[in-house]
Structure formats: C-alpha cells, structure tokens
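Read through the structures below before going on.
Each of the next two complexes has subunit A plus one other chain: subunit B in the first, subunit C in the second.
And then the complex of A and B:
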C-alpha cells in the first residue's frame, strides 16, 4: 500500500472512531437532558416513603423501584444460572472435546447464538404454558422462567468467549504447569483460567448487558407493567426495559415520557454498576489467584 | 537394545519413532543419556530436538495426534519407566523430570508463588517446609540474594536472565532426577547466559541434564556427551566433544 493509501485508511479509521464516539456522546447527552429533570425520590418511590419502600414494608405503586429491583434480580439470577454452565461448556470445548464433536458443537453454539431473542421468548412462553397446565396454575410466567430463558439466550456468548480465551493461550504457558507435574484440571484451574481472567470477565459483562436490555424474552415469560416487588421466584415482576418500552409506546403526556427517559438512564446506570462490580470481582480474583 | 547398557544410564532409546499427524518427526533413533552428565543435543531448527525432550517427560502425551513406536525408557528411583505409554500417569514422572523452556516462562504470580507452585501441585501444604524449599531452590540458582527482599513482587518484572534462573529454581524445588533444558540461553544476553551456564555446571552433581542448544561453543564448554539431530535422525558426536 502506498503512502496515500495508508493516509486514507488512517483517516477513514479516525473518522469512524470519531463518528461512533460522537454518536454515543450525543445519545448520552440527549438522555441526560431529557431524563435528568425527572430524577427525584418520587421517580423511584412515588408517594411511598423511601425508607419504607427500601425495607419492603410498604409497596411502591407509581415508582421505578419495583422495576429496578426486578431487573437487578433478573440479571443476577440469569447470570448465576448461565456463568457456571457457560464456563464449563467453554472449558470442555477448549480443553477436552475431540476434534469431531468439537466441530459439531461449535456449529451448534454458533446457530444458537444467532437465534433471535423473540424465538427464545416464545420457547419460554410455551414452557410456561406447559408448566401452568402441569402444576395447575402454581407455576407459569415468572421471574425464574425469565431468568432461565435469558440464561439460555446468553449461554452461547459465554461458551464462545471462554473457549476463545482458553484457545488463545500460547503453547508454552499451556505446557508450563503440565511440565511441573500438574494434572489437566490443575492446569486449567491454576494457570489457564487465571491467565485469561480479563477475557472471561469481558464475556460475563457482555452477558450482563444482554440480560439487562432484552425485552422480547421477558415480555413473553413473566414481566408485567405492575406487579410490585416479587416475593418469590415464581411470581411475576416488573423490569426497567419493559417499563421503558411500555411508557414509550403508551405515554399520555410529556411528563410520562420524561419518566421513560429517566428509566433509560437508571437502566444504563445499573448496567455500569454491574460492569464495575464485574471488574472489581476480576481484580480481587486476580490478586487472590496470582499473588501471595 | 542395540546400545551398550551401563549402570549410569538414565534414559535409553531404541528404534524409537515419533509421528505427529502425517509428519514423522523422529525416525528409529537409539541412544542413551547418562546419570549426572550434561548431554547436549545439537542440530538445525525443526529437526526434532525439542520433540525428543518432550518424550523424556511424557509431555508428548498431551498432543492428541502424536504417536510413538519403539522403546523409550527412563530410570527414576532405580526403576525403569516406559515413556511410550500414553495412558500411564505422568504427574509423578514429570515431578522427577523437570523442564526448562527456551523462553523464560514465569507464571503471572509473585516470585515466591512461582517457585512454590510445583509444591502446591504436589499437595504439599506445610508453610514452613514450602518456605524452606523455595529458599533452598533460589540459593541453588544463585537468585536468593537478588530477590529475597521482593519475594512478593510479580515474577515477570525480573530481568530475562533472572526469569530463566527462576524457572530453573521452580523446576529444582521438586528435586528432580533429570532436568531437560530446551535452548535455555537462546533468549538471553551473553552475561545472563554465562550465569545460566555456571549454574548448570553446578547442577550436574545432583541431576542428569539433557540440553538442546544451537551454540556449539556453549556445548563445548558444558557437555559431557553430544548428539546431533538432523531430519529426525539422532547421531552421536562424542568423538568431537567428549571429555
């Protein structure tokens, strides 16, 4: 490539980066401008005293608190279900699977990753109906079913990110502990996984983001516009993405729309908080695993 | 066996072949490596030298497509062990046959934890014993005085020569009977390489050393026996370099 070509490529890359950064910046500014004025205690707790709402002693009828609680519970539950299975399957594919089944499973998980979330939502919906009939109305659309459906949705990302992270380890590092007398499992636990902690955390962060934002799956499996704080995993619940969707499609005035923007800001903040938590856990784990 | 047996034989190979996929890396090689000697293997890149080392600690069994034929054995604790048996447990064997790689490969841990790591793998939990063995090992590799005040520092912050000595210390902490060295000085400057050479000369009294090297001067300085590997064929060069 000649000098002019290189310059053109650099300029194009720079413009793309600038465009992307500017778009994100403008979006954030727009959200802040529209949502921030609605930020007060009433946005979260309505007419209920905040302390009473936080202690769950009084229900919140017209605030975001139940939706915030529902989203947090949903994401944590989905991640708790998906991470162990995703890590284990990724480890199996990278370290144990024979070439033939590995090729087949890789294809299967790639197809699974491409399934639209509405289809997974429909599968959850069908399961809810079956459960509802089988257990005569005691189990149906609920928080647990939504979390399991979301876990299923993010599993391919977790599996692939774990597999790719482990397969990217250089052969010398891979053989170091084995040459010192480590078993295969010791090598995975003490060397390979700690080595790729940042990549594994990246996979979990992607999964957290996907769980927090997805609306199609939860709409069909358990979320409702008004349910309060769920007192069991088998109850329906509220969630921020559904609240934003509901408000933006059925708002009756500018004030209500403003609450929708505020809810979007709250959802973004929740995601950032969960990302920071993931980084904090990664850092603590790294210190614990790698240093005396 | 076609080669003569002596009481000091540590590793013996007879008509041994190694195949990786469709590629025959080692072709019916025979030879012996003797106890408390440093045997060097020289030869061009890709001729199978490192593969031969990976046979000596059964690391080849980690390669699913690798296949071996013929005979390869190692004597550990007075007992001959088959190096060709893929299914035999290899952990105990590898603890007695240490390996040092071409590029220093400290794990992303502190200096102390790097050297203590094999002890942890072996299930040793006594903190005092671990501390003592780590210190002894670092003394043996002439590293203790340089690192004793920063044992908790990241091992990757050491210089190249120090990192390689750390890797040797990590192998020695298990008191191996054999130490395999795959071009241990090729990634180091002359001063660091001289330090490693001095260390290896001192180790001969406790260990059997098998070293792959590209540097003929180094082989002349260190080796008690020399083999040349070329195109998967092993040939003795003792007449040139024997002491």
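And then the complex of A and C:
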C-alpha cells in the first residue's frame, strides 16, 4: 500500500466517524429543539396539581405522569424478578459448571440474548392465550405479564455480566480465602462477589436501561394508550416508550406532537443518565479498589 | 458441607438450568400455537405465498423479503461506516480522542430505538419525501438508513475489540520495520482480526433483523412485495406488532406465530454460525 492508499484509508475513517456522529448529533439536536419548549409542570401533570398527582390522590389525564409511573413500576418489577435468577445463573456458570454443561448453557444463553424483543413479547402474549384457555379467568394482558416478559428479555445480559465479572477475578484473589479454610460458597459470597460489586451493579443498571427503553415487548403484553395509574398488577398500564410510539401514529395536533417530542427527550435523558451512572460506578469503584 | 450451602448451590444450578429451559419453552410455546398451520400443511405454503386477505391468502413471503431487504441494506450501509469508525478509533484518531470516542459509542448503544425512530419519522422521512424518493417517504431506504445508524455502535465495539486483540508486538514490529500505522492495520491487524469482525457483522445482522420499532414506524408497512428500495415494506417484526389485534382463531392471526418461529430460527442460526466461527483455527501471520 503506497502513501496515497494510506491517505485514502485515513480519509475514509475520518469521514465515517464524522458522518455517524453528525447523523446522531443532528437527530438529537432536532429532538432538543422541538421538545424543550414543552417542558413545564403541565407536561407531566396536565391540569392536576403536581403534589396531589404525586401522592396518587388525584388522577392525571393529559400528562406524562401515568406513563412515567408505569415505566417505573414495570422496571422495578422486571428487575426484581430478573436479578436474583440472573445472578444465580451467572454464578453457577462461572464457578460451578463443568466444561460440557457450561458449553451447552452458553449456547442457550447466546440464543436467548439474540431473540428479538418482539418474539419475547409474542411468547408472553402466547402465554396469556394459553392461560386464558386453561383457566378462562381474568388472567390476560397486564403489568405482571409485561414485567415477566421484560425480565426474561434482560436475563441473558445479567447472566453474562455476572459471569464475565466473576471470571475476570485474578487467581490470587480467588484462592486466598480458600487457602485460609473458607468453603467454596463462603469464598463466593464474601470475597468474589464483593470484589466485583462495581461490575455487577453496572450490569444491573444497564439492564434497567434496557427494560425502560423496550417497546416491542410491552406492546404485545399489556401496555395501552390511556389507563391511568394501575391499582393492581393484573391491570393494563401506560408506559413512556409506548406513549412515544402512540403519539407518532395518532397525534391530533401540533401541541400533542410536541408532547411526543418532550416524552422522547425524557426517555432519552433517562437512558443516558442510567448509562452514565453505570459507567461512573464501574470506574469509581475500580479506582477505589485499586488505591486502597 | 453444611445444608445451607448445599441448598444455595442447588438454587444456583436450578437458576441456570431453568433459564436455559425457558429458552426452549419459548420456542415450544410458539410452535404449539402455530400447530394448526402445520396440521393443514400450511406452514411452508404460508412462507411462500403473498398476503391477500381478500383471496384468503395470509402468506408472509412479502414480510420475509421486507425483513431481509431492510436488514441487508442496513448492513450494506452500516458495515463500511462501522469499519471506518473502528479504524478511526484504533488507528487514525488523535490519541486523546480514542477513549472518549469509544465511550461515546458505548453510550450510543443505549439510545432507545423508539427515540431514534421518532426523530427520524419527523426529520428523515420528510426529507426523503421531498428530495429523494417522493411518495409518502416511508420506505425501505429510510428504514435501512436508520437501522444502519442503530447497529453501527454495536458493530464498532466488536470491531475495535477484535482489532485491539491483535498482539501489540506484531504492530510494533511493523513500526520497527519502517511501516506506517495504516500498513500495520491493513496487512497485520485486519487479516488477524477478521473472525472477530465477521462475528460483529453477524450480530449486527441479528440486531437489524430483530428490530421492531424502526421498521414499524419508518418502513411504511405495506403488505405488497417490495419492488425497489423506494417502496414501502413490512417486516416480520412489524407484522407481529400490527396483526396482534386480530381474532385469535383466524388464519391471519396464526401467521404471526409463523413470523415468530422464523425470527427465532434465524437467531439460532446466527448464533450457531458465530459459534462455528469461534472454532476456526487461528491463523498466524505468515
């Protein structure tokens, strides 16, 4: 390759990077420009007084509050279901599994991680149909079903992050407590897991982000455009990503559209904030462990 | 060993086995609900026939083609872009920029798809409508462009990872022999890193095929077989999202389980291909 070819290659990579960052930058600026003017208390609470809405004493009719509440409930439920199972499976893979079952399990979790979210949603939907046929009761599309499907969606990420965190521990740290007479389980609970707390927390926060942004799963399992605050787990609910999608197809005027832009901004900042939180926790704790 | 630790260890293995079994259970559940299609021998016919409810035809062939064309066009646009981005981060960028750029790329993987599609719907689509494609502006090209932006960060991370795993001694040897960084990249790093790059490409394809919101909001969802990339098209994923409201026992409704099964099998196939790639014997630079 001569000097000209090299120059061309460098130029190509500069252009690709600039093009990508410019595209994303333009899209984000566009969102900011259209969404920012809509930010005020009415965006979140409509005509209801904010305090009354926050205390759930008065319903909010046209604001983002029910959608935010739905997303929050959904994420908390899904994470509460997924984290114990994900951590346990990850620990098993990293510390206990023999090579052959480990290979097989790895294959399964790779497939699971690759299944499109809409197919997970479809499975949740199918589950509701089957339950409905068998019990023909009031089990249908609801908050609980969505949360379980979402938990299933983020499970492989949690397993992977736990497994990778544990497998990255250096042999000296791994063996010290064992040499002092600790059992295998004590070693895991008191040495290995605390040692990797930063990575584990980071993994969980990223899973929270994925739960909050996913639209396809909840679309099929119980989210609706207007439901207010759900008063039980078996009710339908509103959620922020679905609100954005709904506005994009059904908006009735420029004002409503602007609320859609604002909602997109809220969701975007939520996900960026979660990402930054995970990033800084991972780095901060690493530094502290390093200089202690 | 105490009873407590025995119970806890049993729970660990149960969690792992349970999660793996759930993966199979999802497939079986889809299969069970698509069973009526198999019994009528209609599964393969469904995949090959067009969608025309008036004539009683509920085939998903147009959606399959829609999915494939959008995903591959996105890859065609996104792959060179990502490769260029990865070259930039590993080789050509000023040193102080590299780490920040990689962190930015990581951040971009977390941007919600629905936010991308919402912004594109009101910015890219009007642009396409007025300047490029005409019509409604909702077409394969727009969806593929946005998908390319969506999958590029994922691919860049994999490419950078693959390029960085090349032993630094090899690249130092290039420098010692008077070679430039670009030559080291093209003649040493790239030939060594290609399994990792192919790996990233396959995962990018998986993400592109599996994405719902972009194709649902931007591709236009027409059920006719698309003839060019200026046509609007419906993907398998969007089809599932759109038909969900239909009557549960209708043939129309059952077609979405065929879509689900196709997507599942496609994913499994990609994962197996990545696996086989991992077994590929590592070539030493010769």
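Quick note on the criterion: the second predicted complex is superposed on the first by the 232 of 292 C-alpha atoms of A that agree within 3 Å, B and C clash if a C-alpha of one lies under 4 Å from a C-alpha of the other, contacts with A are read in each partner's own complex, and residues count from 1 in each chain.
Just so we're on the same page, a contact is a pair of C-beta atoms (placed from the backbone, for glycine too) under 8 Å apart; a residue touches a chain by one contact, two chains touch by 3 or more.
These numbers come from a predicted model, not from an experiment.
J.: Taking the superposition on A as described, I'd like to know which of subunit B and subunit C A:111 touches: first, second, both or neither.
T.: So A:111 only meets subunit C here.
J.: A:181 contacts which: subunit B (first), subunit C (second), both, neither?
T.: first
J.: One more residue to check, A:191. First (subunit B), second (subunit C), both or neither?
T.: first
J.: Please work out whether A:254 is in contact with subunit B alone, subunit C alone, both, or neither, and reply first, second, both or neither.
T.: neither
J.: Touching A:172 in the superposition: subunit B (first), subunit C (second), both, neither?
T.: first
J.: Any idea whether subunit B or subunit C touches more of subunit A?
T.: Result: the larger residue contact count on subunit A belongs to C.
J.: Starting from the residues of subunit A touching subunit B, keep only those that also touch subunit C in the other complex, and list them.
T.: 183, 186
J.: Residues of subunit C touching subunit A in their complex?
T.: Listed in rising order, the residues of subunit C that touch subunit A are 1-2, 5, 8-9, 11-20, 22-24, 26, 29-30, 32-33, 80-85, 87-89, 91-93, 101, 103-104, 106-108, 110-123, 149, 152, 180, 182-183, 185-187, 203, 206, 209-213, 216-217, 237, 240-241, 244, 248, 256-257, 260, 263-264, 267-268, 270-271, 274-275.
J.: With touch defined as at the start, can you tell me which subunit A residues reach subunit B in the complex?
T.: Checking each residue of subunit A against subunit B gives 98-99, 172-173, 175-183, 186, 190-191, 194-195, 290-292.
J.: Touching subunit A in the complex: which residues of subunit B?
T.: 57, 59, 62, 64, 91-92, 94-95, 98-99, 101, 103, 105, 107-110, 112-113, 117-118, 120-122, 151-152, 154, 170-171, 174
J.: Please output the residues of subunit A touching subunit C within their complex, sorted ascending.
T.: Its residues touching subunit C are 1, 5-6, 9-10, 12-17, 19-21, 23-24, 26-28, 30-31, 34, 84-86, 88-89, 91-93, 95-97, 104-105, 107-112, 114-123, 125-127, 129-130, 152, 155-156, 159, 183-186, 206, 209, 212-213, 215-216, 219-220, 241, 244-245, 248-249, 257, 260-261, 264, 267-268, 271-272, 274-276, 279.
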